[in-house]
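Chain nomenclature is as follows: A, B, C and D, assigned in order of appearance, with residue numbering initiated at 1 for each chain independently.
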Amino acid sequence: MLIVMKSAASGEEIQAVIERVQSAGARSHLVRGEEVAVIGAIGDREHVARLGLEGSPGVDSVVPILKPYKLASSEVRQGERSVLEIGGRRVGGEHFALVAGPCTVESRDQTLATARIVKDAGAMFLRGGAYKPRTSPYAFQGLGEAGLRILAEAKAETGMPIVTELMDVRDLEPVLAVADVIQIGARNMQNYTLLTEVGRAGCPVMIKRGLSSTLEELLMAAEYVLKEGNENVLLCERGIRTFETAYRFTLDLTAVPVLKQLSHLPVIVDPSHAAGRRDLVEPLSLAPAAAGADGIIVEVHPAPDEAICDGPQALHCDDFARFAAKLDQVAAIAGKRIGAAA
Amino acid sequence: MLIVMKSAASGEEIQAVIERVQSAGARSHLVRGEEVAVIGAIGDREHVARLGLEGSPGVDSVVPILKPYKLASSEVRQGERSVLEIGGRRVGGEHFALVAGPCTVESRDQTLATARIVKDAGAMFLRGGAYKPRTSPYAFQGLGEAGLRILAEAKAETGMPIVTELMDVRDLEPVLAVADVIQIGARNMQNYTLLTEVGRAGCPVMIKRGLSSTLEELLMAAEYVLKEGNENVLLCERGIRTFETAYRFTLDLTAVPVLKQLSHLPVIVDPSHAAGRRDLVEPLSLAPAAAGADGIIVEVHPAPDEAICDGPQALHCDDFARFAAKLDQVAAIAGKRIGAAA
Amino acid sequence: MLIVMKSAASGEEIQAVIERVQSAGARSHLVRGEEVAVIGAIGDREHVARLGLEGSPGVDSVVPILKPYKLASSEVRQGERSVLEIGGRRVGGEHFALVAGPCTVESRDQTLATARIVKDAGAMFLRGGAYKPRTSPYAFQGLGEAGLRILAEAKAETGMPIVTELMDVRDLEPVLAVADVIQIGARNMQNYTLLTEVGRAGCPVMIKRGLSSTLEELLMAAEYVLKEGNENVLLCERGIRTFETAYRFTLDLTAVPVLKQLSHLPVIVDPSHAAGRRDLVEPLSLAPAAAGADGIIVEVHPAPDEAICDGPQALHCDDFARFAAKLDQVAAIAGKRIGAAA
Amino acid sequence: MLIVMKSAASGEEIQAVIERVQSAGARSHLVRGEEVAVIGAIGDREHVARLGLEGSPGVDSVVPILKPYKLASSEVRQGERSVLEIGGRRVGGEHFALVAGPCTVESRDQTLATARIVKDAGAMFLRGGAYKPRTSPYAFQGLGEAGLRILAEAKAETGMPIVTELMDVRDLEPVLAVADVIQIGARNMQNYTLLTEVGRAGCPVMIKRGLSSTLEELLMAAEYVLKEGNENVLLCERGIRTFETAYRFTLDLTAVPVLKQLSHLPVIVDPSHAAGRRDLVEPLSLAPAAAGADGIIVEVHPAPDEAICDGPQALHCDDFARFAAKLDQVAAIAGKRIGAAA
């Protein structure tokens, strides 16, 4: 950590900061420039972080040098990328993960029909929500355990591993019984008790970036899971909130290459929730594939017009095979293939 | 809800939308302009909301007309504002609520010392966190139940009602035993299971606006609590995330008068977390008082340099009485007084 | 335009709004829902826009229905896309435009060397700045007319059309003598006098989206040029400002398909300024190519370490041919080729 | 400037950076922490800024230490604040500037009537636009020189100094003949040729912050004017663009105390354009007065319903005296008075 002093800081103020640093068990290192002095604080990062020097007399700003996450960082693996093995599928490296399925599990028929179609088109994982976080308390909140049973049936029939969301720690047990990947939604990205519990459960976790969360905060959320010894974490970019109102969220494509530099964890993109409109899902799927994403998670419905939730953003089942083939072509240029042989 | 058709929409496309609207049990109303047609859908708002016409052929956009919250809206009380009674204090109307105390309950001494000082200066509620949501899993997470016991002691001694945060539904019972107001933090503003449970518990709730939550989403969070029959909800603006990096968060002062128009609920402002710096707390407290806020919640510490958490933003205890007096002067111009006689 | 009344609006208030609408020469159309009334105002859009009913008694909100741009809209060409012909090259349709060159014209050698290399690798246009808008008044502001002369020489030698920025209307004449495309920078996107003058000049114009400009505002900027009878307008997405600080700007990839829906004008992407870092330029070039962009404009330098301006984001000349070939592969999947035969 | 190396940076990479720094004529200073090395570059700030080390091998990030503005900084005056004298009025220090008038000069009657009323209520400056930057090329663009003549007449009659906008350098001469303060609008905040020219003209300048400009960029815009020897610069906060859509712009109140720390220049707030709605103008005027702003600039109209431009945000003339008196009360608590004796 570097403490930049004001140009008007007195010698006493500089000395006081040095003493604070040393009292925290860190070494200090003073560099005097022509206009300002800078003090480096070297030592245990948690102790140094706790110094709280921002408000102190003579201090202009405090610049953190070390990244606050460790286990999620690319340094921890010396730059080698994680390839996760989940339900017999690999994610990361040359393996482009195509996760597809309905937004919400509405019925046995809808879910099984969708599962069969996306499987035939090459999807590797089936997504589907039994618990739905809804902005309105009056909206449909998901089928709950009945929905989980339908997902279990789809898994039994198609063999596809299941990605499904957990919202409430009290539902952990039934979700664990079905899920191959537990999804933490954007609104719960900083629900630390939930992150800690899924970390302990050991099940693979896909963490969606919060609508206004920085990449550093996303990696800190991953750190909560990793710290419990659970190494199977997928990061998911799903659009951020900006000033633009011409579409729902702004897909942050730059997050893909930047996350891959900062972290060894695979990076998935959700074009459906970012766009909120079917016609944008294809370009917003091909773009991350070209940019090196490790997969996408996309919504598909046999009859989007009748979907209970988010129908306008679901791809039509009968267009899905064409979509998947084009996606595979683009992923290939970036050195990946959908479902590359495990 | 209004469905705006594209100018190139065909008669069949317009007819198809009308039929979708009617099939949802709503009445439709077609207005043809010179360039585009607009279809009004009139009926039960949940049914209409579920139509999902955004992606349909010929549809340009869908414009919601009715606000999605009901119980939180100002209409529900015909414009009359709520005045809550909490622990013998009133909040709202002419009563300006001064909530003060440490960010985190660190020790018995620190908490009791702060409580005495803020009480003497006119504070009406004591704030203090026993459970702390921290971005880093390596940071201090609060004293937990030991912290709650210290708050209970401070309450017993000073008579001040307690405002404290709940993060995990599993901690509801011990928190209820001490809290007069349960705080839902910004990161949990869309933790719907938590909101529903505090709604059922009946205890007054202060909901902090998420860092990138719209005012409508904040009011929908309040609606989750109100829907359970719990009418004691305080809204809290605490800064939003913008592009500016010269300070921590951007206090959204416009939210104060706008929330007071949209809703009957009292509006509190948290200048400490918005600013992150002590020297900004005073201007960011006086400003909302001038703009008609119903109170502020502010952090105070006897020795901020030694605070475990957020010391740089805590006011010094020995400056607090002067601060409170100046705040009261400004509030008076806006027609309110700190602790106006209940 | 639709005027949504408050639910508490009185009959008199509704009547007053209707009279305002009619007094502006528009027809009014009243729709009464169960909770609120909505008044449609049908007529000349400029008159209606000027009504200013937002603050009127009983009015909840005013919803514009017609888009404020006309000549830039896709409707004006019944959905057919513009293909521009500039200096013997085509942009739009199946023609993917690769615009490359130095950020700043620094010297004859640097510019000519870069021009030769990018031409050999298939670039269609040479970019280079003689006038540079710089945040700091102390920074290098470009070579000015001497820079224009170097660009003229590069054009004479390579035959590549020139893209260069105009900042000041007083420099229009010398810039016109060299430029095949005048670039309006992001900071000048709403410099309406500049837009009007380049509109009158008739020279093709590339308008860069402002850092926080909406797509509608970008299209309105194009409208300023189109209105003067100049049909050769290229839109350029170059990253917007968001809360994220892990990289310079957030490339708004969703803007590509959305602009192509809203407008007939070609859409170019500038990955270099969006990213500010060389290692991000390749993924942020491939992504828009996959998403259907009509071209990219990218910075290349023979010795980026010695560049006067923005060296860290310039591609190395000796890597450019590989880059261009990969880009062409991705563009091909989206139905375009670099420099498709004119 | 500090260059933070990656933890995996080799000794050669560190040495290469040190040599780059020294080759730029700066001294280097290496600090090795336990995990990373940091290199301080000490020397002429422009040379160091030009190093462009962001992309170099082994470099993690580059942290600027010195602020890029000098003449606008508070250090340049050792913390003393500027009090400007303009047309016999003082702005800054204990003098709260109330600038009021119509958005647009529409007619002689409207302008003179407004001028008389705001003068009687204590306003110190008359605002009014003759040149109007409009998002739409089809909208009213101002009366131009005819508008300037009306302003001259209002000034002659009331004695109030005039604040009016300049958009185009070619209009500088006629604007200078009337204006006591030239306003640079938000859209032109980074129009550097305009800033340089008003800097040279010597006339006092009020620079409005761009919609997504950082405070640092605003101060750099001021620096463009100050560098030409023109010391009479007012900074104006007028709302920034955020994700919130419940109102027009987000007034950034935190900018007021932060700008006053960073710079010696007076800080004015424009509540009218921030809010876009009359009912928000009063709270958004009182709030900055409480927070220590040096003045506000506010729109007033005798018949807002008939205003050509921005009527919904104009205060009614007949309510202005009450408004000004309340504002003065709040300013007094912050140690200022409207029109304190010069």
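Note that in this section contacts are C-beta pairs under 8 Å (C-beta built on N, C-alpha and C of every residue); 3 or more make two chains touch, one makes a residue touch a chain.
Bear in mind that the values here come from a model prediction, so they are computed numbers and not experimental data.
Averaging Cα atoms per chain gives one point for each, and the point farthest from that of chain C is the centre of B.
When the interfaces C-D and B-C are ranked by C-beta pairs in contact, the top one is C-D.
In whole angstrom, the spacing between the mean C-alpha positions of chain A and chain C is 31. A separation of 26 Å divides the Cα centre of chain C from that of chain D. Centre-to-centre separation of chain B and chain C, using mean CA positions: 39 Å.
Shared interface positions of chain C, defined as residues touching 2 or more other chains, are 212, 241-243, 245, 279. The residues of chain D lying in touch with chain A in their complex are 2, 4, 6-8, 29, 31, 33-36, 38, 40, 42-43, 63, 65-66, 75, 78-79, 212, 241-243, 245.
Against chain C, the residues of chain D that register as touching in their complex are 20, 46, 49-50, 52-56, 68, 133-140, 167-170, 187-188, 190-193, 196, 210-212, 217, 220, 223-224, 227, 241, 276-279, 304-305, 307-308, 310-313.
Taken together, the chain B residues at the contact with chain D in this complex read 212, 214-216, 240, 242-247, 250-258, 261-262, 274-275, 279-280, 283-284, 286-292, 326, 329-330, 333-334.
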